[in-house]
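Heads up, the next two complexes both have chain A, just with different partners, chain B and then chain C.
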Partner chain A sequence: MTAPFSNRVKITSVEQITPLIKHFKFERIDGEPFLPYSSGSHVVVSMKNDSGSHKNPYSLVGSSNNFMQYQIAVRLEDNGRGGSKFMHTQVEVGTELEIGNPYNLFPVYKIARKHLLIAGGVGITPFMTYIDEMDMTKGNFELHYATRDKSHAAFAQNLLERHPESIKLYHDDHGPKLDIEALLNDQPLGTHVYVCGPKGMVDAVLKVADKLCWPETSIHSEEFKAPETGKPFTVRLHKSQRDIEVTEKETLLEALEKADVEIPYSCRGGACGFCKTDVVEGDIDHRDYFLTDEEKKSGKCMMPCISRVNGDNLVLDL
Partner chain B sequence: MTVEDEEYIDIKSKPIYVPLEFDPKSRWSLLIAESEGLRGLVDLCNDSSAMEATATSVMYAGTDAEQSDALTFFTNDQCNLLNQFETQDSLLAALPQVLANSKMGLRLYICGSEAFIWKVAKIARDAGMNKSEYNLKLIGSKARRVYCPHCEIINEGVTTDIHECQGCNLSLVNCNHFSREMSAYLGYRVDAEVHGEMPERQELYK
Partner chain C sequence: MTKVAIKDPIETFRDDFTYTNSKEAIERFPFPFPEDEYMYSVNMEMHDRGEVGSVYENPFDVDEHYLSEMVERGIVLEKDPNRFGTLDHMDLHNWDTLELIMESLARDYPDHFSLTKDGDNWHWENRPMGIKDSFVFGDKSTLPMDPFEYIGRQAQGDFVVMDQRDETLWADASLITCAADWSIQFDLGMSFMEWHGPVPLAHEKGVFERALKYLLMVRLGQPVKRFNWTITMNPRMDTAPEVYHEWGHERASVTPDNVGQVVHLRVEVQTLFRLPRSNGMLFGIRTYLISMEDLCTNPAWATRMHRVMKNLHPEIKDYKGITRYHETLTNWLSQFDK
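After this line comes the complex of A and B, so read on.
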């Protein structure tokens, strides 16, 4: 599979919905419908500007019944590598972008008797399509949604109006706090928990669920991990006998793409497994969620979208 | 295909039973047995002291006389965990409500005939439990439930490789394809290709 970038799109609406989050709607330039998608799906948005190119994954937040329009919500990341800043400062109605086909790493488990959704901040985004699905299937769910204050709770008003009984909001600045242990301690048999939010929240839910003996198969998480910067290094491609420089701010995948080396990818956050690449030599700094501990130890493969190398010696089987 | 050939074919859906072991990653244990399966639960509790601490109830379908030693084990002076049912059907009818009142962290330990343990497993699955949350041990009859795809009924208590369907009277051969959804093996017409050509029937699943 090659890079799934196939849709030229045009922004039809931009709305600042919280101090940090903008809500974008777009349609295809050719006027054709988009692919349908399942709840929890994301798309990768491709951006090009003077400072280089960015490809960032964003959850789809619009109605999955509207095939003419996709919607995403983007949080401005001050310390990010520039993608969200580009979306916030350079994208307006009429801007043209390229997006990939939807892909789902965070699906709803339809066999669950109850869906317990836990969102932190912009982690609300994948649950927008979940709640549409709950509406359609009359699913049994609860959403527990924590933000720093009321003004940062994107989509909260809309959700509360639709489901006043099933949605609880928590704010850091006042009122009761989300008590994960108390919440998970008292859930009926057949519940699945889904968490999307900052790393601290995701880790806490996974830890508590495990401690309270939830089976692994009933625990689901999504954390869009943005690649972190690292020391620059040179990668040698064994088969094509090329050397490629990877700068401090670039990921290995981005450097390879810039050099026209095509690698399949989807999430660009170390979760989906598409970009798994064979390693000939090198002490890999694994940062992904995809490879098993054994695979990581073997040193024979890596995820170039997010992982780097310790030291300066990396040879890939490309 | 003859029945003997099946021995050499790897049928992935055929249940494989592993020894019953206490799952240390559990908060509560619900023990369920019919008839002589109750002995399996006693063994399980004897093997693991932690089991007794988590056990909430023992649901047992059968009579006192059948398993008096095992019954005493669960009804001593300290505690009475036993919840006894006269028939399997009354136990199976009561179970959904028990599970509906239960919380995440429960594990089931199910002992009894093959037909019984899979009926219980189906109720557990319907309650949203997955296979890591319930544990099955076959003690007792291997008599099969056999689904007839021709008339869509399930034949109970089949002990032979070939039998006459109680619904449509066709002779069915039952194979090792097992449906967890129906808790039954698949049967199909034995003389479908050449009507009237019948292999000899053997008793295999007592």
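After this line comes the complex of A and C, so read on.
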């Protein structure tokens, strides 16, 4: 029995919770409950407007006990390609959108003795459902949450009220700073570290964990990597003998979708593996985390959600 | 929606072996061989709703043997409670499993099952088994046993509940009373590669590597299925290694005269469901048994069965325990392949 892959939804509430982050709640248009989901799950939100279409993944932040409603929090990205700007400027109560079913690339490691959560900025979002799960399973956890100042710390008040002992906030503008090395150095055996935040923070945690010889399987990260733009190019589809233009601002996957070429996807950030596509010819600029080094070197496949081509010759086996 | 007539009085899967398939059950038997030669492959496909009346009509198939199989499960668990096992971190997964099966059964067989929910206060009725229980979803103290064992005693087929971590799947909870010669007490807590360790040929072919990669990406609401099969003497559900002394010797009992009645094709429709709250997976192993005599009432199956047996790779023959009576069986089947 298969569930529909996507759901038509209607926005029921929009709240500006920090200067840069808006919190959205939505329901299914058919009035049915959503599927339950696991901590750390995301959904892909499809947006369409005059400037084109966007499909962005966002972590679910709502209570994992209310499935009549899903919630996400979206940070306005100045340098983004328009998805977050669309959410911030054009989405209001009553707006209809389409969202995919939840998928999880950042799950809780169930047998960890202790969960050490490190969030930077909007990287707090996947941890909202983590903390629900910690409540339910009476999990041993600490959350270390860094933002530029107090006003940018989304959900902080709510979290602090629930877990004053387990949550520590850090602000760039005053007070003590998050010392990643000291933090990781002082953990009991069996601790798993989870980091979600800007690239600099994720890299720093990974580097320190490596230096302190943490087991690789005890380190979990989710970087909110949005596809970077690149030079425009033309892709040739070998089987259907078509040429499709990929502009500077769109990803290869988006250009293919615009041309009605259907490709399965989930994360749209080079991690899940769904959109893996066979390559006939082309010097691929691999930017994903999914393919093995061997696969990347072979040049026989690529992840069109995030990777592009060096030069302008690309032939896909589609 | 097909209405299922569940047999009552119950049939036995041991001692006097009164289990039989009705004409309808023979017709809907999930014959597993698409070709004249069998070899391991990544034979996975979507577990979509199939044809009305088929074993794929519903995600969890209930058939005429429902009550009999539940009684048999009770007998096995009574003798050996360790056929159910769960590790400490599996609570969420086990509640996921209860929810998935209850919702499916109540939706697909409303004559037999119903589920009503008021927030976390749930009421479950299983009319064939005469069960009516109210409980609080998520609160184990409100059920007479672990939620997985509770629902597993009310659903046909064996179940393994798997946790997903370290890019693999772990068999961290299971209820297995109709094992085709494998031991869950031995395998509990093993990873996907570990518990498939004994299977011949498939590792070299990279079958498990590809299968695992595929399974890790199974999505919510998009279950998948595959077949497995073996051959069992008599309609015996419990062929676990723990009770080998009860059934192992029966392999020596096959004669040219009794092949049709004694030898049974045992087909497992294996299903995999992503579990929503835990991000784990439910692995269902639904076993169907059919005697050679009944199977060969379908001429196409009889011919195919003969060819598959004739062409069977020696290592698979050994692994599945067929070697001893292989010749007798193949000779008997040859009458249908002329």
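The rule is simple: the second predicted complex is superposed on the first by the 313 of 318 C-alpha atoms of A that agree within 3 Å, B and C clash if a C-alpha of one lies under 4 Å from a C-alpha of the other, contacts with A are read in each partner's own complex, and residues count from 1 in each chain.
Here, a contact is a pair of C-beta atoms (placed from the backbone, for glycine too) under 8 Å apart; a residue touches a chain by one contact, two chains touch by 3 or more.
Since the structure is predicted, the reported quantities are computational estimates derived from the model, not experimental observations.
Trainee: Taking chain A as the common reference for superposition, should the pair chain B and chain C be classed as clashing or as fitting?
Mentor: Chain B and chain C clash in the superposed model.
Trainee: Scan A:56 for contacts with chain B and chain C and give back first, second, both or neither.
Mentor: Touch partners of A:56: none, neither chain B nor chain C.
Trainee: I'd like to know which partner A:111 touches here: chain B for first, chain C for second, both or neither.
Mentor: Both chain B and chain C are touched by A:111.
Trainee: So in the superposed three-chain picture, is A:191 touching just chain B, just chain C, both, or none of them (first/second/both/neither)?
Mentor: first
Trainee: Between chain B (first) and chain C (second), which does A:217 come into contact with in this model arrangement: first, second, both, or neither?
Mentor: both
Trainee: Is A:103 contacted by the first partner chain B, the second partner chain C, both or neither?
Mentor: The second partner, chain C, only.
Trainee: By residue count, which of the two partners contacts chain A more extensively, chain B or chain C?
Mentor: C
Trainee: Which region of chain B runs into chain C, 26-34, 44-52 or 188-196, after the two models are superposed?
Mentor: For chain B, the clashing option is 188-196.
Trainee: From the superposed pair, tell me which chain A residues show up as contacts to chain B and also as contacts to chain C.
Mentor: 111, 217
Trainee: Considering the complex alone, what residue numbers of chain C touch chain A?
Mentor: The touching residues are 46-49, 58-59, 89-92, 96, 99, 104, 120, 138, 163-166, 213, 217, 219-223, 275-279.
Trainee: Can you list the residues on chain A that touch chain C in the complex?
Mentor: 1-5, 35-41, 64-65, 101-104, 107-111, 133, 136-137, 217, 266, 272-274
Trainee: Can you name the residues of chain A that touch chain B in the complex?
Mentor: Interface residues on the chain A side: 111-114, 184-191, 212-218.
Trainee: Enumerate the contact residues on chain B facing chain A in the complex.
Mentor: 25-27, 99-100, 102-107, 125, 127-130, 132-133
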